[in-house]
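We call the chains A, B, C and D, going by the order they appear; numbering starts again at 1 in every chain.
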């Protein structure tokens, strides 16, 4: 499947859990294709989005963000277009701690309506989000915050390798990707490389997402640009800096995307 | 006359000094000073501790120091990948000894605001959000934060929003080190080129300063260690810290 | 550390979570050493124990079992000495479904006092165990069973490979071992083989248990005998059959244990 | 005269016939008949389905058929290890289409007892326990069980203990196949060498038999497939099934 065909399966208003963290191993080629296809009203679910949510806000694709911490990171500070979208109330923010968002995903993955989470006591977040506390029914006297299930329509993961069955592997940290793939209704994989089935059979313990859970995959080398994909490439800092330059245009940035070459090959 | 001690070096060095032998110590996203502090302690101090980080690294030996404190290079040399769910669960079940967490505002109880300046619903500035804070600050055995600006805007009497409570064990600024004492932040020491008065004038909350004194100067090892980690001075420049 | 030294760290009355499942990759050398050291009053926590709990009951080491399904498996049927111990009330059984036991372990691993679990409705197990149901505070109307935290004193895992730092790897399924190592207060690893640190650095994604969580490890080749350890060896069915023969003695069986040769080397 | 159909072959074949194209189908511990049924369906039927098992296997291609249905060889050829927490969570969140679960007693509602014969607290026989049952039976889309003995001891009016409720979609014995209809087990078919009367006499609960008829005989493919899986006849011997 091409990236464009995969993105075409996403309706306006869909809820998307995006893998990776900040500038690292995010499904950024997928995100840019959402922009090219002019998706609207998206809900973005991610513990630590940055470039992805910023560029989607810049292009006007987002209705809601459910996130724990949002920044460009590296030495770039805040995510400017995201920040403006929140301040101007162009998008709704559901502010989480990273682990409360994960608790919501765990509830979906575990098939239960809510998930207890440690900590949170004393924070203003529960009042903001109308979270409930449950008294431990086993008599410890402890009140525990419980988070309602969060079930994204799609989890989109940028993986190092995929095979023809859709099995996906990630090298280095998989961030929050595992729980996203278990919580979402459907799973999309964008991978750097198509690997043989035999190589997965040789070391099945490395497979993060089994193919039977994967609805579609696309192979997009350098698809995490301008972020990193360990161990293949690092963050392209000049490209991020150019993206951040408010005198530049989004089109200029989009025109440099590596997936353009790939998609041309398919055409 | 002693060599001047930059605010940036002061922050990193004093963060490193919170690290204790044998403990599990964590640095996260958006956290270059603690990342440098952990790497500095590994280089310089004559004890071992378990350094884990948000890139899944466990006792990593990165071949270079990344600009991003969540860069996967921070797992280089690691013998396992201890990913996000794992280190959060470790924290909530009581296994995280020292956790470095970011903050925009800190109050006298050591609570933090990383959410918004002004009303949350009508923010003057929408901030990044707390990341791990609301869960880790109350559950880590000790949590420590830093601010690159020491002012009444950052060390406040009243937070605009309580992102995370539970109380920082320590706070490091370019001119001061606070530690928690009887539930409130107390001044432990001040930058030898600053003064107790300056710290008082610049701090928005009341604090106890009993026993506080000038911070011990950086050891030659600490100075050289940090210089080696930031040989091009990029982290110092990026941090934009001034003694003020 | 020798196996004997590791087992010496276990006090009478300790709660032990044992890895593996039925006849596969159980820490059986460790279990036999518990018998040699005449441990008493142990609590065994395992979703699907078999040979391990049976031989411990046969030797009189067990006070309590918390388990989901207990059998020798293979073609051997029930675990006879365990069955007798329950029927004669020599041990207390806390009967679980495998996933309710896991929910209790998850609660400990997550640092919360209880964990919701899917299903269980209509079963007599909640009444038996005095489990509580919690109404979804988010208005679905659903009642959910919640399991109190289960925090074993030790998780004991039989791994394929360990290194000098205590990092452990398992090939094939890791069964329930991961959650056990996150729920227990201390972790012991018994491994087939000592591997180099460099080999773990080359593929850190394969590490199931990071060394900093491990209190002690011992290298015991064939330590899962008479069970299997994939891909190294299979179940020794004749040995299990001889164990099951009530005309044979426990000593005869124990005398064939492969760890005896290893420990002799250390002596 | 048709070739006789052994009770063992009847069970495995009719379990296999519950498997549907494209579905996720699971076999667990202590479950040789469903393990063989899944492997038989893979060999013989002209459709694909996702076979996962308790050994972490996903579409495995085991080089031999293990005696133990949880043997790690059942993950041989698999491209991933889908371990215990994963397949249970898949089930509780609604992603398990067909789950084979063991039982000692089954009642007319398709509930099971795998815990104890007699009073749970004073058991005549302590049974293995339900394993996945209490969680999987109510949450799998369909669950199917089998009994190697068809009698009023195994198919009972009243369970000694309800280990798992939620209701089996199907039950296979050496002489009959039941399916759930309007919340109760109904007879779908009987072994062609048995009879409706025999099934009634041997079953402890009342059941509807409307539309029931003799079970379709094994196809040549089913016969040959099972013979290939159990070439030495060990599984047939171990199962100790008789038509009675």
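Keep in mind that, in the parts below, a contact is a pair of C-beta atoms (placed from the backbone, for glycine too) under 8 Å apart; a residue touches a chain by one contact, two chains touch by 3 or more.
Please read these numbers as outputs of a predicted model, since none were measured by experiment.
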*If a chain touches chain C and chain D alike, it appears here*: A
*Tell me which of B-C and A-B has more C-beta pairs in contact.*
A-B
_Based only on mean CA positions, could you tell me how far chain B sits from chain C in angstrom?_
40
*Using the average of all C-alpha atoms in each chain as its centre, how far is it in Å between chain B and chain D?*
58
*So what's the Cα centroid distance for chain A and chain C, whole Å?*
36
_Centre-to-centre distance between chain B and chain A (centres being mean Cα positions), rounded to whole Å_ = 27
*Residues of chain B that touch two or more other chains: which are they?*
56, 75, 81, 91-93, 139
*asked:* Multi-chain contacts only, two chains or more: what residues does chain C have there?
replied: 110-112, 117-118, 172, 174, 205
_Using the definition of touching given at the top, classify the network of chains in this structure as line, ring, star, complete or other._
other
*Every chain pair in contact, whichever chains are involved*: A-B, A-C, A-D, B-C, C-D
*Which of the residues in chain C end up touching chain D in this complex?*
21-25, 47-48, 67-71, 73-75, 78-79, 82-83, 86-87, 93, 95-100, 102, 117-125, 128, 172-176, 178-179, 228, 230-231, 234-235, 237
*asked:* Using the touch definition from the top, list the residues of chain A that touch chain D in their complex.
replied: 108-112, 163, 165, 167, 182, 197, 200-201, 204-205, 207, 209-213
*Spell out the part of chain D that touches chain A in their complex, as residue ranges.*
24, 50, 52, 56, 58-59, 75, 77-82, 86, 89-95, 139
_chain B residues touching chain A - in the complex, by the definition given at the top_ = 29-30, 32, 54-56, 67-73, 75, 81, 83-85, 88, 91-93, 111, 114-115, 120, 123-139, 161-166, 234, 238
*Across the complex, what residues on chain C touch chain A?*
107, 110-118, 132, 134, 136-138, 140, 142, 144, 146, 148, 170-172, 174, 203, 205-206
